[in-house]
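Consider the two complexes below, in which chain A is the common component and chain B and chain C are the respective partners.
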Partner chain A sequence: MELFSDQFNGYLWQMVQGAYITLQLFAAGFTLALVLGTLIGIVTLSRNWLIQAVWKTYASIIMGVPSLLIIFLLYYGGSAMLSGLFGTDRSFDVTPFGAGVTALTIVYAAYVAELVHGAVMNLPKGQFEACSALAIGPVAAWRHVILPQLTRLALPGLVNIWMIVLKDTPLVSLAGLNDLVANAKIAAGATKEPFIFFIAASLFFIVFSALTLRLSARLEARFGRGLAEVKA
Partner chain B sequence: MSALPIDFALAWDSLPQMAEGLVTTLLITVLVLVLGLPLSVLVTLARMSRSRILSWPAAAFVVFFRGAPLLILLYLVYYGFGQIEALRDGPLWVIFGSAFACAVIGLTLNHVAYMVEVVRGSLNAVPAGLVEASAALGLTPRETFTYIRLPLAMRYGLAAYQNEVVMFTKGTAVVSVITVIDLTAVANELFEETYDPFTPMLTAAAFYWCLVNAIRLGFGALENHLNRHQRREQAVKPTTPAGAAAAAAEPPAGAPVAPLRRMIGSDRRPVPVKAAAPALSTATPKEHAL
Partner chain C sequence: MSALQTETGPQPVAAPRPIAVEMTGVEKYYGKFKALSGIDLTVRKGEKIVICGPSGSGKSTLIRTINRLEPHDGGTIVVNGITLDGSPTSVQDVRLECGMVFQQFNLFPHLTILENCMLAPRLTRKLSKTQAEALALKYLERVHIGAQTHKYPSQLSGGQQQRVAIARALCMEPPIMLFDEPTSALDPEMIKEVLQVMEDLAEDGMTMICVTHEMGFARRVANRCVFMDQGEIVEEARAEEFFEAPKSDRLKAFLAQILH
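This part shows the complex of A and B:
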């Protein structure tokens, strides 16, 4: 197939649109997972046995089951679950995008929560003790003392999760979402040029992760100021 | 709606089919692990090599196959190689013509690229003093690598390796897209036959859960086995200082030391040792990437 012919450009444009959907899905999934995961992580620091039992079950299931299965489960069974929750008289449409965002959120919230636990363990106990000695309330303490330090401690792990979510996003195309990979597959099938389109699609992911790695290195340097050791 | 929308009769009837899918999943996992370990050590050595002819292609390999999502890699191998005329007529078509082999190739490429970072991290975690010491004792670089660095790195890298194995075992669920009938594909088929959205998926999920936790338990046992000399130290610690000193004097039974002693004893003049060698550092290296 002629490079940069009209047909080729058309498929390329379709892939660009797909990339936009992929990015939307990724951004929504990661943000929601981050927020929900942080909340879950903080709540499950409690020693209450019920909270611990629920958390252990949730974490064990999520970490033992492929995310693809959870995407399928939510996509196929999503409307039945919603009618079960909000009454059977109404019917619900589950879009692949909605199922994908929900699945990514549920799965990666568990990983983020685990990360929060690790970061809190690494935080010196004195930080909590100093807060209570200074009579800083729990909300203010978390907001102004603990969370800012957790951000620094959790950043490397968070970058890791960012990469994994990015590489899990294309799985939602298997539930019928017209994202970058789905469009690349259509283009490859129609033009019989699988190498061009699939390598273009993977370059998108590689370039995107390379850019964010640079950004995260800068962030790490910024959060670490005042703490970083001089390199010999 | 009942609390648990699972059709247990259907789940029970689907067990034989699920078990077949599980066998495929297991076969792919084991094949990729067996192929991936030696390959990843080779690529790591190339990556760490001082020669650019070796290290640059290895670095490019890692960047590409680590950065590209597994789904695209599988498409690339399965649909891409089928387009090459020379390959289709050649003898290698036996391999590239089968979806199963394509799945193994795609997964292995991805797995090796991830493993390079794991192996590199654990080789670098071996304290420099040990390498210097073995050079001072007259071991060649190759002997240092096989008897000192590799055994220690294996112990250091085990946690990261377990992480990677678990992640990639879950990743094998994707192979159903290139027509391999694995556990996920069986669940999907059953869904299309019965339109029961929960039972097949949840049954498959239970199988995956058992598989992943069996892997976790296996790694736990392996870790215990590789760290058994440390466990003995811990057991001795609470006793009197004299007991602890006696424990330190007795040769540690760890894997890395035994071959070295054998070697020194057999074909090398024993080196006079003044003080008892300090116990190998048992500090765990810093956490590796997930």
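This part shows the complex of A and C:
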């Protein structure tokens, strides 16, 4: 196939649109997982047995079941679940994108929550005590003292999760989402040029990962302030 | 006449000043281990109390029950008229009465020295940024850290960090200060600067309860010394008597161990 022919450019343009969908899926999934996971992580620090029971069940299901199955469950079973929750008289349309975002969110929220637990364990107990002794309430203490330090402790793990979420996005193409990898597959099949299109798709992931690493280095410098200076 | 007696009498602190901290029959358990048993201690306004004793004797636990970093399991604790009954308001009120300095400083590493001192006044006393900054600078000057306010805690020496921690507690302007082994984590050459700041505070009339092994400080500053062992107060006496004429064998043995 001729490079940069009209047909080639057409497929390439489709891949660009696919990449845009991949990025949207990733951004929505990761952001929601981060917010939900942090909340779950904080709430499940409680020793309340009910909270612990719910958390343990959720974590063991999510960490034991492949993400692909969760995506399928939500995509093929999603509308039945929603009808069950909100009444059978209404019908619900579950899009591949919606199922994908939801699946990535609930799966990676569990991993983020685990990360929060680990970071809290690594924070000296004295930080909590200093807040108590200064009569700083729990919400303000979390906001101004604990979370900024947790961010520093959890950042390497978060970058890890960020990469894994990105690399999990193509799974949603199996539920029919026309993301980058799905469109690359269509183009490769139609043109019999697997290398060009799959390598182009790989390049996208490589470039995005490289940008990620630069971003994480900047964040690390930002949240490591006060500590980084000692080593310098 | 009574005024005359107070000034010339041998025990100036015996004048009935208002009570700052009153502990009656305080008990504390860690599981089955009894960390505090039957603690009775009265501290009057302006008094400086030094608590000492071997490690594991419960002295840190005692001082930490006063601002409820450790909840007590029995007895009563009254701080400046507020009974610590475990209700959130009583805990909050008592914590506003007591400043605390920890062995490990516990400064907030991600905030500058100035921000460390400004945080609590802004959050709990609702001061404006300018007010909080003026307050923080005032107390940082007082502990002789005024020139380093924009550094982070990790850039300071241990002694400087502990002085910042003292300033941070003072910024809440508490009437009572609790010190939990403030010099135990310091290199020997830094102990003096921290003790000096504490002595200055004592001269200004602050009510102070200090857990410390610094016997020189205890002699110079303390009105009364309390000796604890195995979760109970074994002996309580004025500083001179405490060191010159200890009554109990346990205190005699302890003093022999540490005064060398």
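We take it that the second predicted complex is superposed on the first by the 228 of 232 C-alpha atoms of A that agree within 3 Å, B and C clash if a C-alpha of one lies under 4 Å from a C-alpha of the other, contacts with A are read in each partner's own complex, and residues count from 1 in each chain.
In the analysis below, contacts are C-beta pairs under 8 Å (C-beta built on N, C-alpha and C of every residue); 3 or more make two chains touch, one makes a residue touch a chain.
Keep in mind it's a predicted model, so treat the numbers as computed, not measured.
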Count the residues of chain A touched by chain B and by chain C, then name the partner with the higher count.
B
Name the contact category of A:145: first (chain B only), second (chain C only), both, or neither.
second
Determine, under the contact definition given at the top, whether A:10 touches first (chain B), second (chain C), both, or neither.
neither
Mind working out whether A:206 is in touch with chain B, chain C, both or neither, as first, second, both or neither?
first
Which holds for A:127: it touches chain B only (first), chain C only (second), both, or neither?
second
Tell me which partner A:80 touches in the superposition: chain B (first), chain C (second), both or neither.
first
Residues of chain A touching chain B in the complex
60-61, 63-70, 72-73, 76-77, 80, 83-84, 88, 157, 160-161, 164, 166-171, 173-174, 181, 184-185, 188-189, 192-195, 198-199, 201-202, 205-206, 209-210
Flag every residue of chain C that touches chain A in the complex, lowest number first.
67-69, 92, 95-96, 98-100, 102, 104-112, 119-120, 123-124, 152-155, 168-169, 172
Within the complex, which stretch of chain A touches chain C?
124, 126-127, 129-130, 132-137, 140, 144-145, 148-149, 152, 223, 225-227, 229-230
Please give the residue numbers of chain B that touch chain A in the complex, ascending.
1, 5, 63-64, 67-73, 75-76, 79-80, 82-83, 166-167, 170-174, 177, 184, 187-188, 191, 197-198, 201-202, 204-205, 208-209, 212-213, 289-290
